[in-house]
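Two complexes are shown next, each including chain A; its partner changes from chain B in the first to chain C in the second.
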Partner chain A sequence: MTKSVLALAADDIRAGRYAGLSIGAWRWLAAGGAVALAVALPFAASKYQVFELTMVMIYAIAVLGLNILTGYNGQISLGHGGFFAAGAYTTAILMQRYGVPYWATLPPAALVSFVLGVLFGLPALRFEGPYLALVTLAMAVAVPQFLKYFDTWTGGVQGINLIKVKPPSGIGLDHDRWLYFVVLVILVLAMRVAANLLHGRSGRALVAIRDHPIAAAAMGIPTARYKTLAFGTSTMFTGVAGALAAIVIGYVSPEGYSVFLSLSFLVGSAVGGIATIGGAIVGGLFIQFVPNLANDISDAAPWAVYGLAMLLFMYAMPRGVVGSLEPWLRRLSRRIRPHDAAMRK
Partner chain B sequence: MTAQKAIMAGLSAASLVLAGGLASAAEHYGPGVSDTEIKIGNTVPYSGPASALGQLGKSEAAYFAMINDQGGINGRKINFISRDDGYSPPKTVEQTRKMVEEDQVLLIFGTVGTPPNSAIHDYLNDNKVPQLFIATSAEKWNDPKHFPWTMAWSPAYQTEARIDGHYILENLPNAKIAVLYQNDDFGKDYLTGLRQGLGDKADKMIVAIKSYETGDPTVDSQIVALAGSGADVLLIAATTKFAALAIRKVYDIGWKPTQFLSYVSNSVGAVMKPAGLEKGVGIISAAFDKDPTDPQWQDTPAYKEWLAWMKKYNPSANIADALAVDGYGRAQTMVAVLRACGDDLTRENVMKQAASLHDLKLPMVLPGITLSTGPDDYAPMKQMQLMKFDGNTWKLFGDVLSGS
Partner chain C sequence: MHEFLQQVFSGLASGAVYASLALALVMIYRSTELVNFAQGEMAMFSTYIAWTLVNAGLPFWAAFVITLAVSFLGGMAIERVIVRPVENAPVFAAVVVCIGLLLIFNSLAGFLFTYTVQDFPSPFPDRPVLGALMTTRDLGVIAVTLVMLALLFAFFRFTTTGLAMRAAAQNPESARLCGIRVGRMLAIGWGLAALIGATAGIMVAPVLFLDPNMMSGVLLYAFAGALLGGITSPVGAVVGGLIVGVTENLVGTYLIATQLKLTVALALIIIVLVLRPNGLFGTAVVRRV
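Let's look at the complex of A and B:
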């Protein structure tokens, strides 16, 4: 018996196929499409736009670090700008004083920010919620002063100029596009590492500590160890972002790491979705573009526009952009599964 | 074709080529230039902790607005694109790149602050974009050999220190000099300049040198140590907060040297008052701009013109704000350079004209001080006049002195 088109389509959906492909296949296509877009974009965009997109990705890596700590583990940090600076200055000092090539400064920058984060995370165990926020705020406020004080190392107020990165010859990429791809690779790597961490046992432990710390401890999760490691891992991500920022901008100085930077990271994190991985990219877009757009909208009160934008986002999507979209996506896949399971019987 | 048509065609072609040739000889345009406008870019902290310096950008915009109302420069209006960088160097890099690459400005003018300018120093020189009349006074901006596209405007710190050195040699030849300096490029520039100003006598005359870090809470111990050296002249190469602390300490311990104060820290409101007005009597500093509150200029035509401009084009600014005088003079210099370019408005010619200033007089700069530059000399202002604090205001004295 021949079936009508509608009946065939219904059969397809019951079998978990959309236009001939399963959800899994669609996911691969989407991922592939995103990668293709990310790879093609720098060739369609101008040098300046490529630079902007590179900064978006750098902020995304920084915000991802914050998401791990504040979103998944519930420890508020208003001081991540300080760790961003730690990574940036590690790279700057290694490149300028010791002539280390830019790519070789990334592991030390990661190590330094990780260690700093663990050192900070240990005493931070004593604090909860708003008190932790204050302690981390102290970090944000103190770091620019430290940078000015230890000026034999940091160049003080004058800052450090970094030598311009030369793309490897023979690849045919200019400076901006080469750095775009370097940062892209690190972003993808960071998201992979974060996904593995957060979707596995460690991630569940972190979330358990966030939501029910006493129950988590009673279940045998070593909360102190996880919280400290979460701090270190988070600051490591943000420190690597700082190192990349130093390389891309080509200059570091204490003025670039104000309290406002730390606050921007938190804003980006919240707007994107504080307990998500993809939200970090939305956060990066927000941090890079909204202040400029606000300036275009209002010459006189750009920060009022910025504040308004923040409020609108949080009102419309309280869990952040990706945080609010995730349940929809999950709902979509849930509708198929009961049928799948039924079909497999 | 008939012979007549051939001749006409030939003549038309020839005249087209000739006209084209003449046109290209007459007008050379760099990016951002057309028959009707010249685009120039600028970043200034309009927000953030340094936003008081935003007045520089506002004054410059106001001056260009007046020039545009008067017909522009050689018939072209100035399109002044001024963006906020919040004194954050990464933002400066971003906005400057945007202006150079997206807005296609002819040049970057008047960027404020040493760190912001340091951040774009390499980029602008690599891309051969003029970085003109920037608002910072470090010595490193006067380096045409390595950075031929960068030029500052106001006198460098070393210039003031050299002037102090010359003055001491002439008027206090037996002085024993103590120096308090901030331990960074700013303070070190002063020490270097003082040595240059004193020449061979430097090692003999400088008896004590103490530095401080910007993170230090006080400079008391340094002042006491310097007083103990028996010096009778003190050079304070410090920024506002530390200058106030130093002045107060010197008075409090009863030490009475002849004090020379860096011109970045001579604000009555920000330094002399917190130190204690009576404690600063007799201190010597230097100036290059006319103080808008100084009564001796009130009736002069130059001041009246400035005041009229302030009222019409820059009404939001405070009449006593020295930054409004600074921005006015800076913008005037920019206009003079662009006017000198005529129709050859390429980046190369802009730099050439900027490096060919001969005794340019500006109405709100102290009489006797003129701007001059050359291919090896990218420091437009090398002169200053000394002034003494009388407990209330600064009073100019003596002649304009050269710091070269």
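Let's look at the complex of A and C:
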């Protein structure tokens, strides 16, 4: 008895295989394809496009930080631009005053923004919902003034110019492409760390605290510790992104860290999907490219587009692009998971 | 001593403005439990409307009244069209929609009126009174605020609509069963908040000058005032706003540089929320879980 091709394919799917490969192999193939694309892209793009893509990845890291706090833990922050600035200025001051090489400034920048986040997270335990949003908004508004005031350290209004990063000799990459790969590695690392953090025990604890803090506490989750650590971890991601931005742009100044920076992270997060990891990349693309497109219309247009995007996404797609696609993708992969096939027998 | 009193009185004048905006925030919070982050930008936009009318040749007070009417209707429209869909949504959606509104008003003002800083006429002459303790301009700002408060109080205390609005805010279900159009009351609440905000904007514009970003600092102080007074209490908002105005002036004069003004607002907000989250006059919210 011969089976048709379709029937054979159906057998394959039931056995958790597709076109002769297991679903795990397909996942590795997809990941490999994505990495190959990311590696090949800078060689096909112009120098400026490479810079833009680098900024996309930096914004993605920052938005990922915000997603951990706001999306998974439900603590709304409108002030992540402040922690972005903390990372950026740590790097700038270390490089310019103490001559520290750029790569060595990343751990201190991460540490500084982590500690600041924890310090901010402690009083934040007492603020719920809109109050935390309010406090963080106040912080975001105050940041530029603060940076201008302590001008012995921050260079005041003039800001700080950074030494241009030299790529290691003999590697054959220019400045922009080298930094692209540095940021790419850190982005992949950040997403991996976030996935491990959020898809396990601690992630479930964070979500439980978000959805029902009292029930979470009753189940024995130390809510205060988790919330503070979520704050610190989140600001650490964003602070590292700030440090990378300082290195890539080569310049920091108070006006670059206005309240609107924090709000653009919020837009990126809402557009990509607040409770997702992949959404951060969509958010980064949105932050980097949409204002440029809108800028052709008028100076004011980028912010109007941000505002409209916020309203539209909250009405039509509150889970964001990736968050809305996720159930659909899960349904697709569930159909070909061996575990489910076994259940059906 | 004389200088100290001078600072206190000029603090009261800016405090009156913060009190108005704080009152607008409290109105919206009481009826819809939303913290309206766009309140400052709405007020800024109203002020631009007044500025356009004055520039078109209207007398100041006529422009003032027309602006208030337009703001009232605009506030109602915003509640109906934009805020209504997220009134019962999670906090995140509500916050994002308010921030979206903030950005839209800010960029709309920048688009229509450009980002150049504009002069705004003051209806009051600038003469020293009370032995040079304050100026007539400060006095005028305080007087306008007080009149507005008195009118609001009378509205809520003596009119049927005012009573219905209080009922709708306190217990929407029962109010609806009594035949009160709760949705309409919420819209009127937003309209009134926009009107109060417009007054605050017009009063503060001669001092701060008019530009699309002028209200961000004022909004922070208004938040501080509203929280200090207790975000559920209108009386508290006024008292809190005045206290914040005076504190801001005294701290700016005697303690630290004025360049750190916004940091003072941030510190005030954090201190109030940590030490006395219900404010001076607010009631603790007890939730059933």
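Quick note on the criterion: the second predicted complex is superposed on the first by the 317 of 345 C-alpha atoms of A that agree within 3 Å, B and C clash if a C-alpha of one lies under 4 Å from a C-alpha of the other, contacts with A are read in each partner's own complex, and residues count from 1 in each chain.
Just so we're on the same page, a residue touches a chain if its C-beta (ideal position, glycine included) is under 8 Å from a C-beta of that chain, and two chains touch if they have at least 3 such contacts.
What you are looking at is a predicted structure, and each value in this text was computed from that prediction instead of being measured.
By the touch criterion defined above, A:182 reaches neither chain B nor chain C. In the superposition on chain A, A:148 contacts both chain B and chain C.
By the document's definition of touching, of the two partners only chain C reaches A:274; chain B does not. In the superposed model, A:253 lies in contact with chain B only, and not with chain C. In the superposition on chain A, A:123 contacts chain C only, with no contact to chain B. Looking at the shared chain after the overlay, A:46 reaches chain B, while chain C stays out of its contact range. Residue contacts after overlaying the shared chain place A:55 against chain B, while chain C stays out of touching range.
In the superposition on chain A, no contact is made by A:69 with either chain B or chain C. In the superposed model, A:307 lies in contact with chain C only, and not with chain B. Between chain B and chain C, the partner in contact with more residues of chain A is C.
In the three-chain superposition model, chain A touches both chain B and chain C at residues 145-146, 148-149, 302-303. The touching residues of chain C, when paired with chain A in their complex, are 34-35, 37, 82, 85-86, 89, 91-97, 99-104, 106-108, 110-111, 115, 216-217, 220, 223, 227, 257, 259-263, 265-266, 269-270, 273-274, 277, 289.
Within the complex formed with chain B, the chain A residues making contact are 46-48, 51-52, 55, 145-146, 148-149, 151, 156-159, 161, 164, 245, 249-256, 258, 260, 295, 302-303.
On the chain A side of its complex with chain C, the touching residues are 70, 74, 76, 78, 123, 126-127, 129-131, 133-135, 137-139, 141-142, 145-146, 148-149, 214, 259, 263, 266, 270, 274, 298-304, 306-311, 313-315, 318. Of all the residues in chain B, the ones that touch chain A in their complex are 47-49, 83-84, 86-90, 93-94, 97-98, 101-102, 113-116, 118-119, 121-123, 126, 183-186, 213-215.
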